[in-house]
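Presented sequentially are two complexes of chain A, the first with chain B as partner and the second with chain C.
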Partner chain A sequence: MTLWRQIKNTLFTALCSGSVLFLAATLMIFLLPMLWKGSKAVFFRKTVEFDKMQKELFKRGHAEDLERRTAQTNQARQEALALLEHFSRGIDTALLSREVRSAYQQLGRHLRYLEVSDDEYARLREQAKDIRDAFLQALETTDKAEAESLLDTVDAQQTNPRFQNSPFEVVFSLSKQYRQILQEIDLSRRPEYAAELDIVKTEMRNLFGPLPGESIPPLPQDRFGATRWDVAQRHLQYLIYQTKWVPSGKDDKRLIPKQIRRDDPEEGIFGKTELAPLFSMVEQNLAAMLQPRPTIYWRYFLDDSTAGHYFGGVGPEVLGTLLLTVLSMCFAVPLGVLSAAYLVEYAAGGITTRIIRTCINTLAGVPSIVYGLFGLAFFVLLAGNPSILSASMTLALLVLPVIIRASEEAIRAVPQSYKEASLALGAGKFRTFLTVTLPAAGPGILTGIILSLSRAAGETAPILFAGAVALGPIPDIGLHLKWLFQPTRALSYGCYDITVGDRLAMQVPHNQFGMVMTLILLVLLLNLAAVLLRWRMSKKLQGL
Partner chain B sequence: MLLSSDKIQKKQQLLRPNMERLSSQTADRQPGPIRLADPNRKPELQQTIRPERVIIRSKDFSFYYGSKIGVEKITMDIEAGSVTAIIGPSGCGKSTFLRCINRMNDLIPNTRAEGLLAVGGQNVYDKNTNLVNLRQQVGMVFQKPNPFAKSIYDNVAYGPRLQGIRRRSELDAIVEQCLRDAALWEEVKDDLSKSALALSGGQQQRLCIARTLANKPKIILMDEPCSALDPLATARIEDLIAALKGTYTIVIVTHNMQQAARVSDRTAFFCLGKLIEYGRTDVLFTNPAKKETEDYITGRFG
Partner chain C sequence: MMVRHGKTVLFFIGLTLWAAQPVLAAEGKTLQIDGSTTVGPLGDAFAEVFKELHPDVSITVKKTGSGDGAAALIDGRCDIAMMSRFMKDKEFQQAVEKGVFPVAHVIAMDGVCVVVHPSNPVTELRTEQIRDIYMGKITNWKELGGPDMPIVPVSRDTSSGTYESFHSMVMHNEKMAANVEYVNSNPQAHARVRSTPGAIGYVGIGFLDRYVKALKVDGVMPTRSTIAKGIYPVSRPLFLFTNGYPKLGSIIHAFCTFYLTEKGQEIIEAKGFVPVTEY
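This part shows the complex of A and B:
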């Protein structure tokens, strides 16, 4: 008998601890990958481009050191970039034609400056125009012989003294360049080259920022190369490999993708061109070109971000989430506790109370998107535009049932003798509630608050229409309270936005998961604070 | 797990000196023939109370929980400055009657009172009765010690603060005086900011008494104040009651007849919601007029 009882006891203990362990393990399985992926937003290998970006967008970093490293990396990149530029002149005729056109225009200005006679002016212009047109035609044609004969007509004018030492002189050096290029490339494949070269250029821009000679792009994300080493590795792959669709078998008409190097001597598109060395050059010297260094970017939690979360951190999102959560608690807690007090202390067990209680229970189960739509239909319409105020009110509505239920239980659990003691001393009902019941119910109410804190911080649907934006000004918190009427960014909404954003998540996965991680950490932190508070409260209540 | 018999014996031996010390200190509280603490204590105590000395007057007072009778047709006067004990079997309405005096029964829905119950000449169940005033005048000590989960100081200062006393010096004086009156001062004076819940049960009950005293009531109602306490703590509370007598009118409900005999001047015996007998304690215990009373106090009841 005793043995049997012992076995039962052991079994029970094992079962209990087993289920707790299982719960913890499940939690870990869910959370750890998220946290691991998210941690890459903070712990990663930065490149020199990262420092440039920090210097330019956030005004931080060591200027001299950065200059030195920029010079070093520029030197390492120089050869590859020069190669690319030289090659693209042949393919990208737009570049050459632009230069020729501009030389022609400048010639006009130059001649006016020289104050030549009108006849002379017209004649020279006419000549230059012919040269220009011949050059442009040479650029356009896919027939090598024709192109060369056209270039011959251009070169014939080289000796004209009027063109010497004028801006138009550059045309002849361009013609020489193009003649050389013509030797190197197969003109008939030019459109094919052009398309691939575009990709190569894009990837080079992704790696090293704007190419030499290009103007500064308007979007911040285009102004810098790969700021992270892992991103750089990814773009290196895109740069080197092209996808070719090849038949999977002999009779099979199905095509399968095949990765081949662009500089492959047999199959690669640039295998037999002058550009071929570029790929191995970049591949081997990437570290020298970008200078990766491990870093801890703790400001991730505080920094503002550029549009689309390419660079920077989640500071405004954290602030927004905190504001929304705290504000919604400010609305929900007093309202919830007072309603609970009313239900327990004043409206004891009538049919009305039962109906109210059923309603509250039902509300707790309503999907959050319904609250979101209600927030849109009610608060937003009332306030005029989506704002922090309407969003936090919607969140408050969402968590209200939870808080009411928890507070109700907590208030009901306060021993009647406590209240009697206060009443017997002549205190009124309200006074008794404030000074005796509420403190005693505090830990229980806090439990409800903890539950709803996490919910309010994490919900996306209720604030979707009520006041969350992906991009917007950072709330400038102050006594003027204007910030209450502005929309805000929020972590939960940010996660959603990055994920559904067009190809955004693919480009900034570290930011996507970084936001998730920040949200998890924030919720844990808020919970920890509340748990500590509850612990202190109940300790005090127990008289320790 | 069961202890073997010799283990139990060992334990008893270990406990014995302690038990002996206890029994010697509380020798007069052991069961046995009922003895009065001091038979000649109040030679002037009259069987009937002079009208000007009456502080609580109950005349044909009945109280109903819905249709159920709590107490029925209670007629008794309680003398100012005296200690009155209410005894009776469980469920006979002692608590009900006591809680009617400061209207604590208002908390229970569907109750009804009939007849007259007056404190200081003022009908308690009058519509115009100011409950706050009444409860300040008529303090209550409950069966289970129920200090607030606040510091000792805040517990005692709760009542004065309700009455609007805010000055720290004034509060300090009240707290000290009441704790002294409740014979708790020496034990807690060094850490008044300690939580009241960290005190022992007996200390908590004395704190509750101090808290009641701080309200400066005329009457203190005590509902089995010692039922949760050990003999030593009980003795201290009884001493306290004796000390408070005269200044305060005390009505105490108790199941302990020795206690009733020891502390009270008059005793009321309730049975099944009715007042059976009410009179001087020494008379009631030595020479009860009613058969039920005699049965009850001699333990033949049932």
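This part shows the complex of A and C:
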């Protein structure tokens, strides 16, 4: 019999400690990878492009130092970019054709200012037009012989005195340039080259920002190259390797991936062209071209971000979450504690009280989206537009049951003798509650607040309709209280927003996890503060 | 010490009363945009550039889906609703009953691209075949000339505008089979197809990349030009809806016509959509 009891006891102990360990392990399995991935938003190797971005978007950094580094990196990149530009002239004929067209237009303007008869003017325009069309046709065709004969007709006009020293002269030097290109590339493969060159150019832009001669892109995300070394490494892989899906040779028809270097002399598409050196050039000198150095981007927690969280940090989200959480506590705590006090001290144990208690318990179990819809139907439609005020009131409603329950238990646990002592000294009911019951119940109430703090900070559904936005102005906090009526960004809604919708998020996983990490850290920090407060409070209570 | 805590409580109560008293919000120039998650990135990017052009305007963008965008416009909760589908009859009726007259602005074109895993040798499907796949009549790639591998059809959730487009243009409003998997967003659909060799799914053209393979539909490859010309069978316009045509010169008007400017068109292309006009 004793043995049986011992076995049962040991089993029970093992089960208890086992479940605690299991919980801790699951928590670690969930949290650690997220924190690890998220930490990359703060700790990483930055490149010179990162400093350029910081300078332009956030106006920080040493101008001289940056200029020096920009000059150094530009020099390192120069050769590769020049190679790319020269090669793309032959493939991407849009540039050449644009230059020919503009030369023709300029000739018209030029002739108008010369003293030429109308007949002569019309004849020259006609001639120039023929030359232009021949040139454009030469650019279009994929037959080398045809292209050369067309260029011959262009060059035949070179000696025309009317074209010499006119803006049209440039056409003949372009023709010479194109003749040279014709010797180097295989025209019949031009569409294939063009498609691959497009990818190469995109990856070069991803690495080094807009190519020379390109206008400044409208979106900040396209204005800079790879700002992080890990991102640069990834784009380097995309630049060098082409993935071809080839038959596996087995019967099941499935294709398997095959990585081919673009400059491979046998299989690589650019292996036999003059672009081939580009790839190893970039591969070997990438460090000199980008100058990576380790950094701690602590401003991540304070910085504003560009649309879609491509660059920048989570500052407005952190501020918004703090505002929402603190404000909702301001609503919920007094209301919750007072209701708890009523339930314990004043309400009789009748059927009404029991119904009220059941209601509160039910409220605690209502899904959060229901609160969100209630907030939309009540606070938002009443106030006119979603705002911090309506969102924090919705959150307050959500955490109210938890606070009431915890406070009720805490107030009930205060020994009757405390209150009797106070009353015996002549204090009134109100004074007794304020000076004796409440401080003694403090730690218990704080437990409720701790629980609800984290919940309020992390909930997405209640604020989804009531006051959270994906993009909006930062609330300008001040005594004027206007900010109460503005919507705000929040971490929880931000985490949702960054996962759905924008394809950008797939390119910046570090920012995606960074935001999740910030939310976890913020909740931990709020909890820690509350725990410390609680600890101090109960220590003082023991000293009473 | 007890008195101090009493004061804290009083302070909180005071703060509540003080904060709860009605304070008139100053009516600055604000622009509230709500709606589709597909059009959302465009709204974000437009708003970002708009901030530079009109620093005195505060713009908020929210992405809660086409349906909620319409509801928000009808309730007067937003100035501009982004939608990846046209308004339904019922929504129009509700709007007019509430005195809201929705006007559509087509700002860009999007193609709903049918995608498979790159290891799949199938390159082309007809709309009837796609319909049969989603209706559960074709269940193995073998039947379509591919490897012996079960088909995993992936669809967007039924409240998304992308689903509506696919449902009417490809499915001809037929019901999808029970084996279809539903995902909540374009990135999720992309991720599912990327990681599953037998999967077939559909995403906006902006989500095509090296990890998924777009199929020709009825012999047409989804590209910028085939979508802009409407040759690609599953092309659709993306809308902004406003209450009446915005007052000329107002900030809403400027926003709704921003897509016509060169900068607007460049942004549309940078975000992976197709501009309505050639610029």
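Operating definition for what follows: the second predicted complex is superposed on the first by the 503 of 544 C-alpha atoms of A that agree within 3 Å, B and C clash if a C-alpha of one lies under 4 Å from a C-alpha of the other, contacts with A are read in each partner's own complex, and residues count from 1 in each chain.
We adopt the following convention: contacts are C-beta pairs under 8 Å (C-beta built on N, C-alpha and C of every residue); 3 or more make two chains touch, one makes a residue touch a chain.
Small disclaimer: the values here were computed from a predicted structure and weren't measured.
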Three-chain arrangement built on chain A, chain B and chain C clash or fit: fit
Partner chain in contact with A:Pro439 - chain B first, chain C second, else both or neither: both
Touched partner set for A:Lys540, first chain B, second chain C, both or neither: both
Touching partner for A:Ala377 - first (chain B), second (chain C), both, neither: neither
Chain B versus chain C as contact partner of A:Pro217, first or second or both or neither: second
Of chain B and chain C, the chain that contacts the larger number of chain A residues: C
Which of chain B and chain C A:Pro415 touches, first, second, both or neither: first
First (chain B), second (chain C), both or neither touched by A:Leu425: first
Contacts of A:Val469 with chain B and chain C, given as first, second, both or neither: second
Closest Cα approach, chain C to chain B, once both complexes are overlaid on chain A (Å): 5
Chain A residues contacted in one complex by chain B, in the other by chain C: 435-436, 439, 540
Footprint of chain A on chain B - complex, ascending: 102, 104, 107, 109, 131-136, 139-140, 142, 144, 146-150, 158-159, 162-163, 194-199, 208, 211-212, 215
Residue ranges of chain A in contact with chain C within the complex: 217-222, 238, 243, 245, 247, 252-257, 306-308, 327, 330-331, 333-335, 337, 380-381, 384-387, 389, 434-436, 438-439, 442, 464-465, 468-473, 481-482, 484-487, 497, 499-506, 540
List of chain A residues in touch with chain B within their complex: 348, 415-428, 431, 435-436, 439-440, 540-544
In the complex with chain A, residue positions of chain C that touch it: 1-3, 5-6, 9, 12-13, 15-16, 19-20, 23, 25-26, 32, 37-38, 40-41, 43-45, 47-49, 58-64, 68, 75-77, 118-121, 146-149, 184-188, 190, 197, 206-207, 210, 213, 263, 266-267, 270, 272
